[in-house]
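Labels run A, B, C and D following the written order; every chain starts at residue 1.
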Amino acid sequence: MASSATIPPASLDQGIATLQDVSNLFYTRGWSVGTSSNYSILLNREPFQLLVTASGKDKRSLAKTDFVVIDRAGKILTETKEKSSAETGLHLMLAQDPNVGSVLHTHSVWGTLLSDYHGDAGGFWIQGYEMLKGLAGIGTHATREWVGIFPNSQDIPALAKEVQAKMHDERKPIRHGFLIRNHGLYTWGKDIHEARRHIEIFEFLFEVLVRRMSLR
Amino acid sequence: MASSATIPPASLDQGIATLQDVSNLFYTRGWSVGTSSNYSILLNREPFQLLVTASGKDKRSLAKTDFVVIDRAGKILTETKEKSSAETGLHLMLAQDPNVGSVLHTHSVWGTLLSDYHGDAGGFWIQGYEMLKGLAGIGTHATREWVGIFPNSQDIPALAKEVQAKMHDERKPIRHGFLIRNHGLYTWGKDIHEARRHIEIFEFLFEVLVRRMSLR
Amino acid sequence: MASSATIPPASLDQGIATLQDVSNLFYTRGWSVGTSSNYSILLNREPFQLLVTASGKDKRSLAKTDFVVIDRAGKILTETKEKSSAETGLHLMLAQDPNVGSVLHTHSVWGTLLSDYHGDAGGFWIQGYEMLKGLAGIGTHATREWVGIFPNSQDIPALAKEVQAKMHDERKPIRHGFLIRNHGLYTWGKDIHEARRHIEIFEFLFEVLVRRMSLR
Amino acid sequence: MASSATIPPASLDQGIATLQDVSNLFYTRGWSVGTSSNYSILLNREPFQLLVTASGKDKRSLAKTDFVVIDRAGKILTETKEKSSAETGLHLMLAQDPNVGSVLHTHSVWGTLLSDYHGDAGGFWIQGYEMLKGLAGIGTHATREWVGIFPNSQDIPALAKEVQAKMHDERKPIRHGFLIRNHGLYTWGKDIHEARRHIEIFEFLFEVLVRRMSLR
């Protein structure tokens, strides 16, 4: 086990403080209630050090000890009594991408509704909204974004593989996020700020999509 | 009457502070407006000492004096001008279970709607949601939870008996919470943290269930 | 003009501080946005001194100078550059009742919707909800409350007379509050705490009534 | 390039502080999430100095450096690394009106829904609501307000021209605000306080209009 001394303490403290802030924000918004959700920030690419929330913590007010640092294989690098969440496997899979510096997983009402409504179709397109420009690399509303949906599973390694296989689908690539059916949203970004922006963009658009169903 | 000196002052102060915090949180969430709701924490099992909110207090900002401590029979153990709520009888019934350390009763819009919609059926199942894993003892989404509904009554002893008779129903056991029709939710946990988590889980799922009705 | 010295400064300061707090709360809840709403507290019954918010102020953050004190006829008793709201006439009418110590007028989305939906019927019953017990003098859910609705008018004296004529209607008495169509809610209480409780109870029940319309 | 010394530092600091406050408020309300929205305050009419939020900033917490000052042509007058938003062109067009001292552009769920629902009609009337009196110059609910809707475009100069051509339409004048389809709201006022009031009024009425569609 690597000693925690190999982890830059400044970035560790900063990472924890940032996730504490984001966590309280998401709890207040209703996206991370009931100890749901988990969040991660890449502290270092090589050697790989991922700061991730420990399993089952109250997201309203995370303590400094409610985090673990793991390596590429998911092994905990810090001395701690905590366990990393089972879902850490999805964070690890996503953070292998050299462009990904943060992964956020939340549970919202709007996302849950859409994940079930479009579940059999395996996903849905979001098209024509200005807010899409909040997703990295999108410069116009005149585009469309595929949000993949995967059946929920407690077998996270299998789920991670299934997601990975669809990420670069030719016709329906998963570019910024996906839903797990009746479960929640995964999104990511080059850093925590971009990842949080993606959560806000998706949640806004999810709410719009559900509410417009009752407009006619 | 037992003197208040027999109640450990440390846990009493801590219990009050915790309920003040939870109370303001629930008020802000809209689950405890208009002086509705009541909350309890078990201070001691033997002799039985239950800290419970006094009747009719504003949950936005509970004062230290807005609480009473009662024994197993509901007798007030502390010197106070306050009355315990009539609904204390339900708290007492639930807290007899040696695994219960806290009982929370709230009034939400979503719960009220479901309690009436499914009232004639006596309850409803919640099935297949990842958020169910936030209820103690549930480790997979592939399960279902029965939320019993009871007709509202101002006769709390009769209501408590009726609930107690259904708690261990073979086909529809009430494991984590029940609704009183057009009234509110009761849930509980081994401690206040678990009980609050249960409120958050139920409220999230209630909102999902009501909103999905307008999706088609 | 009476000098402001005849108004007990302690109760004046306390009244202002309480209304500042309630005002920010209501703004945050979405019941008093866009400088809408006005609130009053009776400082003294004889001689009659009513503290009321001045016309057109931002309810998010009322300044100490955003209030006036008026007598029974609506004459301003304090040195001020402010005007009392035109709607002060309704506050004055309601505060004539010796049991009324505070009047609150708010503008909510739910109330607006119901005021139009039931506008032609002149009001609607709220029946069978536990939350009705939050209205003063109601001790059981097994009751019903009439919420009168009046056509909106910029002629406040005429509106006040019309309301007054219906307050003690034999079959549909207005006991705790009424709506003005596509405008807002008036409620009151023996003091500001009771009046605020009534707002919270009505708003909760209004939301329930509107949302249940989409349940089928 | 004019030096920043020609900009009155007092009003600059005050303008920034006011927009920081409004920005956080709008973020919290859900009208400016995901770095969307931009806001401006006129610091000086002659020479023309418009304080405007820089492109792509997080509206939850704007830093002092997240602003630029521009002249009538959109040229940046302050030393800064920031860019003004492409949409600044619409702010500049609107602020040419000598009665306009502040322009606010937000992205809300309710506005997005209405902008699409009534998009083909080019706008919609809001009629008969008391809250309309919160729009400058309106003194009675017995009026109607046209909210124009324009097709979204990334060509802001063209969009600005299109809006300008419709502002003084004889039958459907745009008096206080307009929507861009599936994008957001523009409103304005003589100062930031009036402009914020207009946002709050429109958002309230947008929510009412959408929700009433599900009432029948």
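FYI, a residue touches a chain if its C-beta (ideal position, glycine included) is under 8 Å from a C-beta of that chain, and two chains touch if they have at least 3 such contacts.
None of the values given here were measured: they were computed from a predicted structure.
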For this session: Averaging each chain's C-alpha atoms to get its centre, pick out the one most distant from chain D.
Result: B
Seminar exercise, completed: Whole-Å distance, C-alpha centre of chain A to that of chain C, is 46
For this session: Find the geometric centre of each of chain A and chain B from their Cα atoms only, then give the gap between the two centres in Å, rounded to an integer.
Result: 32
For this session: Send over the residues of chain B in touch with two or more other chains.
Result: 214
Exercise. Connecting every touching chain pair, does the picture come out as line, ring, star, complete or other?
Worked result: ring
Problem set entry | Inter-chain touch pairs (all) | A-B, A-D, B-C, C-D
For this session: Enumerate the contact residues on chain D facing chain A in the complex.
Result: 30, 33-36, 58, 60, 107, 109, 112-113, 116-117, 152, 154, 180, 182-184, 210, 213-214
Seminar exercise, completed: Listed in rising order, the residues of chain D that touch chain C in the complex are 25, 128-131, 134, 139-142, 193, 197, 200-201, 203-204, 207-208, 211-212, 214-215
